[in-house]
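Each of the two complexes below includes chain A, the first together with chain B, the second together with chain C.
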Partner chain A sequence: MQKINREALIEKAAALLDAGTVDRVLAWKRGEFDYDVTPGLFTTREQMEAELVFGDFCGANMSKYLIKETLKGEGKVLVFLKPCDTYSFNQLLTEHRFDREKVYAVGIPCEGMLSVTAIKAAAGDGISKIDVTEEGVVVETLFDGTKVFGHDEMLAERCRNCKSKRHVAYDELMGEEGEVLDSARFDEVAKIEAMSSEERFAFWQGELSRCIRCNACRDVCPACTCEKCVFGNPDSGIENKAITDSFEEKMFHIIRAFHVAGRCTDCGECSRVCPQQIPLHLLNRKFIKDANNLWGDYQAGEEVGSRAPLVDFDFDDMEPGEAVIKNGGEQ
Partner chain B sequence: MRAISYAKLDTLFAKIAETHGVYLPVEGKKGTDYKRWEQGDVYSTALNSNRSPKDIFFPQSENLMDFKVEGKSIEIVDTRSESEDFVIFGVRACDVKSIEVLDRVFLKEPADSYYENRRSHAVIMSMACTKPAETCFCKTFGIDPAEPMGDIACWVDGEVLYMNANTEKGEALLEKLEGITEEASADAADTAKALITERMAKLPLAALKADAFGAGKTQKYFDHPAWAELSEACLGCGTCTYVCPTCQCYDIKDFNTGHGVKRFRCWDSCMYSDFTQMSAGQPRLTQLERFRQRFMHKLVYYPENNDGMFSCVGCGRCLAKCPIKMNIAKVMKTIGKENDND
Partner chain C sequence: MQPYKPLIVAFCCNWCSYAGADLAGNNRLSYPADVKIIRVPCSCRVNPMFILRAFQRGADGVILCGCHPGDCHYTTGNYYTRRRMSLLFSMLDYLGIERERTRVEWVSAAEGAKFAATMNDFAETVAALGENKRLEDLRCKK
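Here is the complex of A and B:
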């Protein structure tokens, strides 16, 4: 259950609109069902009262929309940021992807977002209502009555392993500030590292062979902000729209993970949107884990302007050969 | 109508496999997908497969031909090798209809011989639904999940699978299966049919109508002001198009192997910025235009060219999979709204 509700967001947004601080609001819009929430723009209180929602399915990270939104008009846009969204916000600022002056950021608390996929898998087809109460996640179905599931089991994986409840950027904060958490987010990576190379290959082959190259992971990723991706640019010479062999499917995702290494804040949007449920965030986490191991802990987006290990240098950096050995490789 | 014990599905598949390849939905680690049946595979009763049976007739990528270059001569090599008759089992009513949508595109003269080849070798065994999802709206497009089309329609009632032939192809296959099936009365599946009909009425999208759309509505909807808001959050990814059982756009490319050329085609998506890129550029410069194209195609342009048939079948895959949860049901409700009062 979230500690803040839609009424509080509407009041805050309406006040900022009335005061002329902002002229539009980026938030979450109600859908057909309790779980299908769409990011959207609001300009009036009436519109917000009719359509704005905030609840346990508002996982969408709004930060990337600011690139497009801040190019429109002169006024400021209000954006509501959950703690993990603020890391993407800072990272985008570090990369000069939008004008900070055109944004009014309100930090909002987050108790973790639920996974629709997990709920559907547990409750089956025909969901008519989902409520989050003290009891847990209460799912009403059309044909099988009401089912109750534990809240933590229905949390999205990224939220079960939440890295921070602290906002690293905002103009104003609603609710109480949280702490950076000691999460178990690298446990799954460690499990994959412990596999033999054959097992590891089979694991990723099994996952990545399901890829349909819809590019949703790339298009939602706040670190993937190239105006024209090489893979979607006929002039790049390496454009490809489909997987033509098992090599290419791995190359796309591994290249993408390299491209965002050091810039990925581990927001987990890639895995949330993947229609094939590929745990893409694990590739990014592997890079984060390795970088932490080799050059000391670094969290992308924690500070605006920080230099990621892969684009930074000092004379104490270890030699590549040492790094290989430190990571368990052979000389 | 023929019947076989549901527990004997393996016997049924094995019998068909004597003369045909058998494809069916099988539960994997992350949802259900169609695969070629092998002994030990269990038919999945999941409502929607991740990828639709479209993939079997129109694969995501396929080699069309090779060009072999020797000196100054070029030899064109037909790389097609498929000639096997096959059965697709367990196709839902919406997905069966989607194949009809594809047929109208690919089999219209001049027919696409690659598609036609696979289509002519296929026998479709459809499966009536038992428990629809909240995302289902096939009835909007006149599809009855209690009476699925296809060469043979199937129903499951308790421990029995009923089969009824809809076509000559279906009759021929059922005849071959007579040794392992039993005769059943024509109304044997009526209980199963009644259950699904009753359940369909309870769906949240049961009242969604397509009446406001169809041929001749281009002028009316093309400049509708709501397209801007509907498309504002669209990421421009291809999820909706790639999970859609009726989306049929593709791109053809040549791949230089160094000593020849492989010509292949692969799915394309109208949501992509380089879709139908021409020497003069891409005709749809903004995501609004690309977004509008997809829905106008399904609801207006396709019906215009195909006797009023829509190219959405209400399977609900895009409702479930869109990263921003924008979809055709929301588009129909918004764009078609004022028509309620017409």
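Here is the complex of A and C:
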């Protein structure tokens, strides 16, 4: 359960609208189902009262929407940011993707967001309602009555391995500030590294061959903000909307992850939106882990203006041949 | 049956390695004819996508050659290459692509012999692995 509710967000937003500090609000909007929350833009209290929601399905990271929204008017946009969202916010500022002056950022605490996929898998078909209470996640189903699951078991992967509950950017903070956490987010990567080369190949073939090339992972990624994307280039060799060959699966995924290497804050949005449940974060985290391993710890978005590892170097960096061994282990 | 000969793509920077290849030729040092050289202005011109595209088009191994660290014609290009390729090669390894299929080697304009030796060694390593099956585009192999 979240410590902060929609009423508090509406009050805060309405007060800022009334005071003229901001003239529009980026927040979470009700979708068709309780768990189907979508980003929305609000300009009045009435709209917010009708449609703004905040709860355990508000994983969506609002920072990317600021790029387009800040270009639309002179006034400021209010944005609510969870701790992990603030890293993306900073990263976008580092890359000069929006004007900080046009944004009023309110940091909000987060108790972890739930995974709809996990709930669906546990509760089965015919979910009619999901409530999150002190008891846990209460799921009403059409065919099989009401089921209750522990909150922590239904957490999204990224929240189970949350790297930080501390906001790294805001104009104002609601609730209590958290801390940077000691997360086990690289464990899964290490497990794959420990497999044999054949097993790794089979593992990734199994995952990546499910990709339908909807490009949702790219579209949602706060680091993927190019106006012209390489995947729209007919000469790229992978411009097809449907993957026709196993090579394209790998090429698409390597390139997508590489383009955000050193800039990915590990916000987990790619894995959240993938309709095929492909663990894209395991590709991004591999790059983060390797870069940390080779050139020292670096967290994208922690500080505005920090220099990402791929646009930096040391005279005595390791040679690629040795680096592969260091990152992957002897085999 | 013909003995298997791997197709190798070698990206060589214009200022050192390409000249090194030239020197190898002038000195009549032999290296496999299946090494196809692609000249690039600097090793850091090589986008990771180039490497994957080479595999897509049927390469069995891809090698990237540039000036020795410190000698890049553009001063620092190859330092960036080094970081970039470290990540790319580690990723390929992570996806289960044989790590011996990719390599970075620094070859100066004076090192014709090193160029030939490197290519011979790389071609041998790749030949031992056999055809590139894990990262191929069958449509390009027709």
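Everything below uses one rule, namely that the second predicted complex is superposed on the first by the 310 of 331 C-alpha atoms of A that agree within 3 Å, B and C clash if a C-alpha of one lies under 4 Å from a C-alpha of the other, contacts with A are read in each partner's own complex, and residues count from 1 in each chain.
Just so we're on the same page, a residue touches a chain if its C-beta (ideal position, glycine included) is under 8 Å from a C-beta of that chain, and two chains touch if they have at least 3 such contacts.
The model shown is predicted, which means the values in this text are computed figures rather than measured ones.
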First, second, both or neither for A:Gly150, with chain B first and chain C second: neither
First, second, both or neither for A:Met318, with chain B first and chain C second: second
Which superposed partner A:Gly75 touches (first chain B, second chain C, both, neither): neither
Touching partner for A:Ile255 - first (chain B), second (chain C), both, neither: second
Chain B and chain C contact sites that coincide on chain A, given as residue numbers: 244
Chain A residues within the chain C interface of the complex: 192-193, 197-205, 230, 236-237, 244-245, 247-248, 250-251, 254-255, 257-258, 261, 283, 286-287, 290-291, 294-295, 309-315, 317-321, 323-324, 327-328
Contact footprint of chain B on chain A as seen in their complex: 31-33, 36-41, 60, 65, 120, 124-128, 142-143, 206, 210, 212-216, 218-220, 228, 232-234, 239, 241-244, 272-273, 275-278
Residue ranges of chain B in contact with chain A within the complex: 29-31, 33, 47, 50-51, 60-61, 131-135, 199, 202-205, 229, 232-233, 235-239, 241-243, 251, 255, 264, 266-269, 272-274, 277, 319-321, 323-326, 329-330
Parts of chain C lying in touch with chain A, wherever the complex brings them together: 48-49, 52-53, 55-56, 69-70, 76, 79-80, 82-99, 102-104, 134-139
